[in-house]
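In the two complexes that follow, chain A is the common piece, with chain B as its partner first and chain C second.
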Partner chain A sequence: MNATATTPGTVAMDAEVLIVGSGAGGATTAAVLAGAGFDVLIVEEGEWVEQGSVVPFSLEQMDRQYRAGGVTVALGLPSIAYTEGRCAGGGTEINSGLYRRPPDDVLQRWAANFRIADLDHDEVHSIANEVEQALSVSTVPGPPSAPSDVLRRGADGLGWQNSEIPRWMKYDHHDPAKGQRQSMTRTYLPQAVAAGARLVTGCRIDALEMGNGTARRATTTLADGRRGIITFRHVFVCGGAIQSPALLQRSRIPGHIGRSLAVHPTVKLAARFTDELNVPDDVPVHQVREFAPDLSFGGSASQPGLVALALSDQWATFGRSIVDWRRISVYYAAITSEGRGRVRAVRGLRDPIVTYGLTGRDRALLGSGLARLALLMLEAGADEVYPSFRGAPLVRKRADLAAMRSAFSVARASVMTVHLCSTVPMGEDTTKCGADSFGRVHGTANVWVNDASLLPTAPGVNPQGTVMALSIRNARRFASTEHSRG
Partner chain B sequence: MVERIADPAVTIITGASGWLGRALVHRLLPERSDGRLRLLARTTAEAHELAALGDVDVVIGDIAKPDTAQRLLHGTGPAADVIHAAGIIHPGTTRQFFEINTNGTRNIAEAALDHGVRRLVHVSSNSPFGTNPQPSDTFRANEPYNPYLGYGRSKMHGEIAVFDAIGRGLDATIVRPPWFYGPFQPPRQTTFFRLVRSGKFPVVGDGEQRRSMVYVDNLVDGIIAAEMTPAARGNGYWIADERAYTVNEIVATVGRALTDEGFTVKPPSTRLPAIAGRVAEFGDRIVQSLGRYQQQLHVLGEMNHTIACDIAASRADLGYEPRVALYEGMRTSIRWCVAQGLTL
Partner chain C sequence: MASDRRHPQLDRIVGPFAEMVLADDLPRLPAQRRAEVVEFVQRRASAVPSFTRFGVTVIGLFYRGLLVAPSGRVIARFLMSRPVPVLAEYPRLIRSLGYAYVWERWPDTLRDGTPA
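Entry: the complex of A and B
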């Protein structure tokens, strides 16, 4: 599949449509527009990493496919660690692969509160159907993995609603443990290239040169340090909720850009069971949605290094359990946050400054969530639970949960997030939207955003399905509008 | 249909002179005519009052002392049920919380285990579980402990003592009522009606925080259901009205009930900023850390929070159905106060 990626040979490039980024937003935009006959150039800052060439959720993957080796932080009290993919396919190459449709009530709220025109539920669901076909969205054939079954068992015991979340995976029915992730490098990127799109990796867009609200060309830096220029008629910025607003800000595009970062903050714990259960290269597929959308529970990647990371907040007392990592798996509690963050591009810094503030309600919900998750672990038969915060007590029985809850404070916890969105919200209300109902940046003639930045708020579910459905919707609208213009 | 068993030969009630205890005795005295009621009173004066209610056995004693529970259960066995309704919520010192709510419960659970009674129903509280993290959150049947101050801790350790005895063979069920209201209330509760009448009930913040409440007769229904349902063994159940009410709704409904009972009611005028609730809660923590207890601070501090619970499991497992909702329950409660000659 490497053949689809061409190393930049020429410093000056041009295209009818430039697409910045190749993740869930960029790859689908490219496939739709190339399929509609546009001359499409996709530019990706990261490299093309063939699936299977690095171990999923390993340190090597963090180094090669994550921005800044997986260590990026939103400043605040507490600071929130987040991860971004930086490779062909973006976040779709490295995330959990769990697929959720955009929830109807969320779409309805977005349309009403942000004044999004023509956000038709039937159209979105019809696109979601196509996406589900294209990505082979399916459940695991056969029983769930042991760490996934912990969630099912614990929730069932407590009477809490839970279910298996399907993934974009092709399963080997003879060996269900071996799934083939249907990420963008396996699906929409090859489809775009087959329809004539060009993909250039190792190329960063520094800024768009603007004049009278129109972007004329992009200045670029290649992996070898050479500078370049790309000229185009239209540009789609699809770098994700951090990089997209940062590029618009570096291009001095005004408006509601980067001011309303939304995330699903999570706190974690590790749980030790009597039997070995750790599956290092996969994540659990069950989620507990009893308290959704405000609060949901699921399983995290549990490579030995990540188990150690989960124990590290209280290493003095928890650390010795690392020798037992095969009996340990890591789980998270995620909330929908009422807090807001900002993305600010700063002259002279390669990456923007990201800040995020949690509200009092967020803090209370994280504390309650971690305690409920620990209760679920005890119900599932955990011998020991190690909450991930400084000063955490070891939890062995229900009475210990009171001590855990009173010792918990968000400031002592390792809060992290993976679902970043809402930095260029879509809609006609320009007091809170950076882009119009179809992603065109307000105040510009030919600059579109088409990625997670557009989601007006955090959707309360794994967002990739929503990102893909909306970006296909927007790209189709662009194609039909341009065609009718002739 | 939930499977129920027959009335026991002896029903033992602790805290029989209290608010809930009186409501229980009032209900069970005519219902259990084939069996005996054996009631625990704290003083001879209380014993005389209880004896005057009808043909009952009364034992005088202090539940905090182990020999009291042994005397109370003397001579009983598998034909006896115990309803442990004794507890203290507004004491003089925090030590009393633990003497009565924790040690008293341990004493009764151990005695019940020793005598092999048919079932112990332990009346716990929402307080071991603290408050909900946000107004839309609702406590499920199973929640992690997060006790609210001294009362919450003492009731949590009471539950733990019961679960510990269950682990060693005791047949027991825990019921958890939130804030209850209704006839047999102590005189201090008239303050509540007076504050609503004068428009001075302190609504903290926007008043949209929710509170589960339970009419005392609904609670008696729930306790009897927990007593008579074999499959409830070892579990804890919320016994509350059908749904939680916002504080605004509580104040408005009580105001309406008072008006409809012929009282003049001033519109609510006392709104306190949320910070007042937090200050009161902070003050409550300080006072309790000194071993003392101040009722106004405690009540005001807690008013800031949502305490809402879900009765789905109680319905499914116990067949519990709340029969009375807030307006009707409050009207009955007001009429009862008036009949007692209490000034509202």
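Entry: the complex of A and C
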């Protein structure tokens, strides 16, 4: 860390390019720019946690690698729980690791509706090829885990389209259960550091100091409470779809910032089978996309604490089954929402206020999605299905689904989401875009956003592959433009 | 980081309520375990984002007022059982945190809190 003490208790740093955040957007940006010869400083609010030092999906992991211990919520009726990574590598350290390419129809729609210049599909797919190689994107060598096979079996039985989603994982071919996640701390961050980038963890960027549309300094708070400043020529804000717009707002940057949060809301159920199948530290790799992009089904983390959580809304009747947690796994129905949310930084509050409103169509889709997911579970051989909403009936046979469907209301359900995006949409249409076609914030000279915030809408698939491809595209454009300026 | 600091006032609001929820839901959870769970719930409640913490404090104060009022526990339990917007979110948060901790820490605990 190239830090020098100036006044007592103040730390000063400088860089040609400051990158705020080290997740899928920040790490790739850093690797591209450091590789192109820029003096890069990456600043990460969380700590570096070595892979394998915490159990995946455990409460300890939430303590150390999630923002606010994983207890974050978008306010609304109902409120929607969400999670954000807060550690070196960001969300890539804690998510499912499932990889999807940016869908062509989505790219096409974004380019047309948001006037994104030069969004060349061939270029994006060529970058996706590079990303897939760098992250060892692959399928499980051998049979899927039992919870994953439930999705395949149920969908096959119903004639529904399903497939194994590849992951960025290096598998041990002798023991496929021993895969190693190729998250940012294993790939693009070391690559950036090897190319000369510096990484500082435990440092929060409080605000950017702006003058005439140009940012020159960032004010910071270190983990030990000391304040600091960072001077730079260019800044890339890559803190994710909540923190990036919040930082821009705290810096008084106007424009379409934080007004169009998009998510994939999910509802859950737990299903019990006759044989033991629970895999506490991993998630299923199959997804059912028969009804995509509106609706898709997949598997969730299912360690016993999370099984209890899934049963907790109807504990009086479902609680007895917690002793069977080894025979239970948790699944979700996710929708592509037409609702929108907002991120608002409020003076005097450290954290932004996040809100989200579901539409009537979203609510209906969540209800029908949960019913279809329950049907899929029965088809796969579940002997009992426990929908996660207050007042839910126990589902043992198809005839129970009608009662479940009529008892469901979103207000009674535990709605959550993991894919947050679209808070600084990219494009030339300034009425709905916060950044230009390559991520430069409209109205600024040297402030870029390069993370999930840029995706104009929720892509309908796991977004990390799309985020990485677009981040690399934008960083390359920045590097070539700066080099041509000399 | 500053956001990881404990908030003693919030602890005093959340603690008794978490005690009540756990005593009702998991009556056979041993006292030492219950104390450990309550401590965990308080720690997590302290870590929530500032605006959410404000909401937890306000709603927590409402429930705390109920707990000390005559017949207040009956009213609190009634409210907890209904999908009342906003008010129902607080007991759900406390319950979620408590259950997640109990079954991660002691996975073979029975539904009423009895240790396996």
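FYI, the second predicted complex is superposed on the first by the 476 of 486 C-alpha atoms of A that agree within 3 Å, B and C clash if a C-alpha of one lies under 4 Å from a C-alpha of the other, contacts with A are read in each partner's own complex, and residues count from 1 in each chain.
The definition used in the following text is that contacts are C-beta pairs under 8 Å (C-beta built on N, C-alpha and C of every residue); 3 or more make two chains touch, one makes a residue touch a chain.
Everything numeric here is computed off the predicted structure, so don't read it as measured data.
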| item | value |
| --- | --- |
| Clash-or-fit label for the pair chain B, chain C on chain A | fit |
| First (chain B), second (chain C), both or neither touched by A:303 | second |
| Touched partner set for A:367, first chain B, second chain C, both or neither | first |
| Which of chain B and chain C A:79 touches, first, second, both or neither | second |
| Contacts of A:399 with chain B and chain C, given as first, second, both or neither | first |
| Touching partner for A:412 - first (chain B), second (chain C), both, neither | second |
| Touched partner set for A:32, first chain B, second chain C, both or neither | neither |
| Superposition-derived angle with apex at the Cα centre of chain A and sides reaching chain B and chain C, degrees in steps of 10 | 90 |
| Winner by number of chain A residues touched, once chain B and chain C are compared | C |
| Least C-alpha distance (whole Å) that remains between chain C and chain B when both complexes are overlaid | 22 |
| Interface residues of chain A shared between complexes with chain B and chain C | none |
| Footprint of chain A on chain C - complex, ascending | 1-3, 25, 40, 43-45, 47-52, 55, 83, 85, 89, 92-93, 95-97, 99-105, 107-111 |
| Sites on chain B touched by chain A in the complex | 128, 130, 132-134, 136-137, 140-147, 153, 156, 160, 163, 313 |
| Contact footprint of chain B on chain A as seen in their complex | 158-160, 290-291, 294-295, 361, 364-365, 367-369, 371-372, 374-375, 379, 398-399, 401-402, 404-406 |
| Residue ranges of chain A touching chain C (in the complex, touch as defined) | 45, 58-59, 67-69, 71-73, 75, 77-79, 202, 204, 221, 223, 225, 303-309, 312-313, 315, 319-320, 322-323, 325, 346, 349-353, 390-391, 409, 411-412, 414 |
